[in-house]
């Protein structure tokens, strides 16, 4: 067990190293990415430009620059932005994290509730009109580009219908901290929550339905039925429980990706300044230190959730442990 | 009917009586994001200059008022504007006594000298291009660590500072008035202060600054108004500048009264809405700012003047104006200097009926020049910025160039990359879409900066002369105008007008339109004041 | 026959003769999948007819700006881009949908171009990129998955390590980073120069990022097959490895790939539209449904149809692909899963 965990940790460090090197190389391969002129300001003289380069270590060989950046990011923690000079990137990411967490956690509650409900309904009424209708709906949910749904939600709630009673409660785009106003927080996030959740409701409901129907064929379910349990009890007490493992696995992976900044498009269209938004902004302004910080942040979540899921599996299923 | 009108007048009068604006309250501003270092000697953005002007003072400053007066340099920490001596190379300033920084330290001769040395030591963007006119400035720009700046002499006993310049410079006072030349406490560290606000002498000081959330300005407790023109006491007690809303969200927030003013331009699809429903909250003011297409005169196809002329005649500037939001916000132009600039004499050779104003594209001439150039079928890549209106201008230009017979493609880049990318001659940019706004209202800030030999640095990211144009004769004329303007501004302006028209005739850039600035404010904001230099002056707004 | 029995009766590898024929028969009986196929065919046909629509119906070049032009609506000549009607004369509004089979049926965008014509042209690119990048993705995934699974050892370790790094890189961040970088100068692979404004760039980027998603299950399948009795038996009989790879393993992998194909096409279409929406995908003058939605963002409150129409086109296409994917999975391999 311990060796599994250690192996995972070594693996994780390796993957993170790979990613940072990849980001670093991608950045320096970009023409016009050299930030010296941008830092120096418009119309700076060549001498000023050269000095700025030296001051920020931009004239050093790439491996040295890489090592310095990693040191300032992980050891001293004082890595600063190329764009907003003097702005430390680590606090920036930590500042954005609650926004993303609020968005993703709320959406997760919604998508779990709805997908379990739809999955159960569809399994209970399998091969009927209700099942087919629900499955078409989930498929539509999976097929909609999230940024487009977000745009349409804005069009309706901020545009034409904003003056009507139906949507006059919708605050302007942007995030309202929970500590500042719990109600405002809820109002600002409810539409983004549903927008983000739609895709996952569809995916999870379909996965759950398939797994429920599969487990309904198993022997122990037949036993339960034979004991005289009602179909509803069989479904919720027994079948659901066994289907839960794959459900939880899936959830762990998706949640990890989203908390790390995977909800970028939703954040951008709704103007929520979370980690995804920060990443997008950093990529737009080619702010390498910020890109580094956000990408590493995102990857840590992906790698961690992968590891957690693997370890969970190892705990549940002894066969995996020895692989 | 008449009685009714009288009643209205009466009611309106009462209304005014109750709603009379008063000092105090909190002014709430909003913008999309932070804008770089918060050090006034480093930051080179309009977003922060607008704030710095209420926090810091130079020896002189631009008058904090509206209209043409706002370009006028007035004495600030100095008691008077000195007449230059020694043929325009010596300026002696007397410090105003009794002024303190927001940390309680007095403003001393030593602080002034320190501030100007610091300017070089922190690599202020224009240290090597503006302030090197001070004797010793060139050495300081090259070796900032050992900067002694012998051309600046302080006399603590008499309270004077004396500048000795290498040559007469008509813009020296303008350059002393911008935030780079702010006077800071003598113990200010000699490195970029980044996110730490530096104490200043202005009416307001920063209580907090965070690139993630914003700026909070409060009244400077050590401030006593000494000149309402240079540094007015200001009306709001507190100014909250919030970062982090998109322009679309800013419009909604100002409409709903959650903020009093937004920094970003109102997005095009909201213009009709605010103009229809919030007409009285919209302010439109002219600014010295234009959009243009620099053409690289060293590489094909635009190393051929006929090819450039073809573009000049073909571009429909009225269409370009539409892309910017219509004639209320932009006006077609063919020349370099914008209408509000001294030395502006309207001139447009590239139109259907050549004369003062542009009227319509002349496709007959454009095709003739195109044919003469022999560049038909040549590939051209247009570099533009990814956001509106640059992207739209690029796409439109592409269809114009294709119609002329080029094989055009367009490449929109992130705005942070584009501006340095198009400057570097190593990137071999043929034509690009860009804009230029004044630092201060002097023609040389457009003509000398954009077209002098000195501004062209091959294979450097900092080469603002994107066309690569260099004509010693025109350079000499511009130098003559700079010197002439010190004593004889009117003759200087005439010379600048001549230079402007000459450069326009060379067809180095296709000028598109000069723009006006639209400000959208909350319903409660009164006394909106627009300075040509700094734009909206937040400290003069009333919100109570 | 119960579902379990059906599963048991299913031919285990190697696929029996008639495996594909059976699958095809099953698919033909799947009415939903057939309907999806028809929808896809209709959409593809409409997009293929884009030039005729532009020439004969819209009478406009959808790639030529028309900022100062006029058109006739309800018998009146109007400006395509007219100043908005307000006291300050602020803003310019493109002509709205006319809802007639003719010029500007869905209105104009901010360049005065016919949205309906652009929608059809954009669809060509969206479909082309989705299918071409899916092909790249499947081929690369098959190669890497086969090599890693079949050869094992260091080959497997290196390939898996690279796949792990790409896998841990959040997929959108990877796509966006690559696009931001490559859009400036294009990319050079050996003698091949891919220009930034060509469609090959988004095809390449979208094609690469999902490789681990397919390569991993392929690798798993190959390992499973390699250890299966019939392969071990073949090895015991002295059959050369390339024959085993070609005859025993490849056909099985192909069925996995076929099941994934429509789902990857759908996923790629969504990804491409997102990149183009962020204006780092398809570059002007080309258009795709994503770029049109992006253009429509700036007109969302005044001319929402510019953003609505391409979105509906994407949803329809992706939905059809997903239904087809379901059908294929049911017909070929009911246990295949794209995620994990």
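When the chains are written out, they are named A, B and C in that same order, and each has its own residue count from 1.
Following the convention adopted for this analysis, contacts are C-beta pairs under 8 Å (C-beta built on N, C-alpha and C of every residue); 3 or more make two chains touch, one makes a residue touch a chain.
All values derive from a computational prediction rather than experimental measurement.
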Centre-most chain [mean C-alpha coordinates]: A
Most remote chain, CA-based centroid, reference being subunit C: B
Cα-centroid distance, subunit A relative to subunit B, in whole angstrom: 40
Whole-Å gap between the CA centroids of subunit A and subunit C: 22
Where subunit B and subunit C are represented by their mean Cα positions, the distance between them in whole Å: 46
Residues of subunit B touching at least two other chains: 413-414, 417, 421
Multi-chain contact sites of subunit C, meaning residues that touch two or more partners: 180, 184, 300-301
Junction residues of subunit A - those touching two or more other chains: 30-33, 284, 286
Residue numbers on subunit B that touch subunit A, as the complex places them: 33-39, 42, 44, 123-129, 132, 141-142, 144, 192-196, 211-213, 244-246, 248-249, 252-253, 256, 258, 413-414, 416-421, 423-424, 427, 449, 455, 457, 460-462, 464
Subunit C residues touching subunit B - in the complex, by the definition given at the top: 63-65, 67-68, 81, 83-93, 110-111, 180, 183-184, 195-197, 279, 283-285, 298-303
Subunit B-touching residues of subunit A, taken from the complex the two chains share: 30-34, 36-38, 40-49, 51-52, 55, 80-81, 83-87, 91-92, 95-96, 158, 172-175, 271, 273, 281, 284-286
Contact footprint of subunit A on subunit C as seen in their complex: 2-4, 161-162, 164-165, 167-173, 176-178, 180-181, 184-185, 266, 270, 273-274, 277-278, 290, 293, 296-297, 300-301, 304, 307-308, 311, 314-315, 318-319, 321-323, 326, 339-340
Complex contact set, residues of subunit A against subunit C: 11, 14-16, 18-19, 22-23, 26-27, 29-33, 139-140, 142-148, 151-152, 154-155, 159-160, 203, 213, 217, 249-250, 253, 257, 260-262, 264-265, 268, 279-280, 283-284, 286, 291, 294-295, 298-299, 302-303, 306
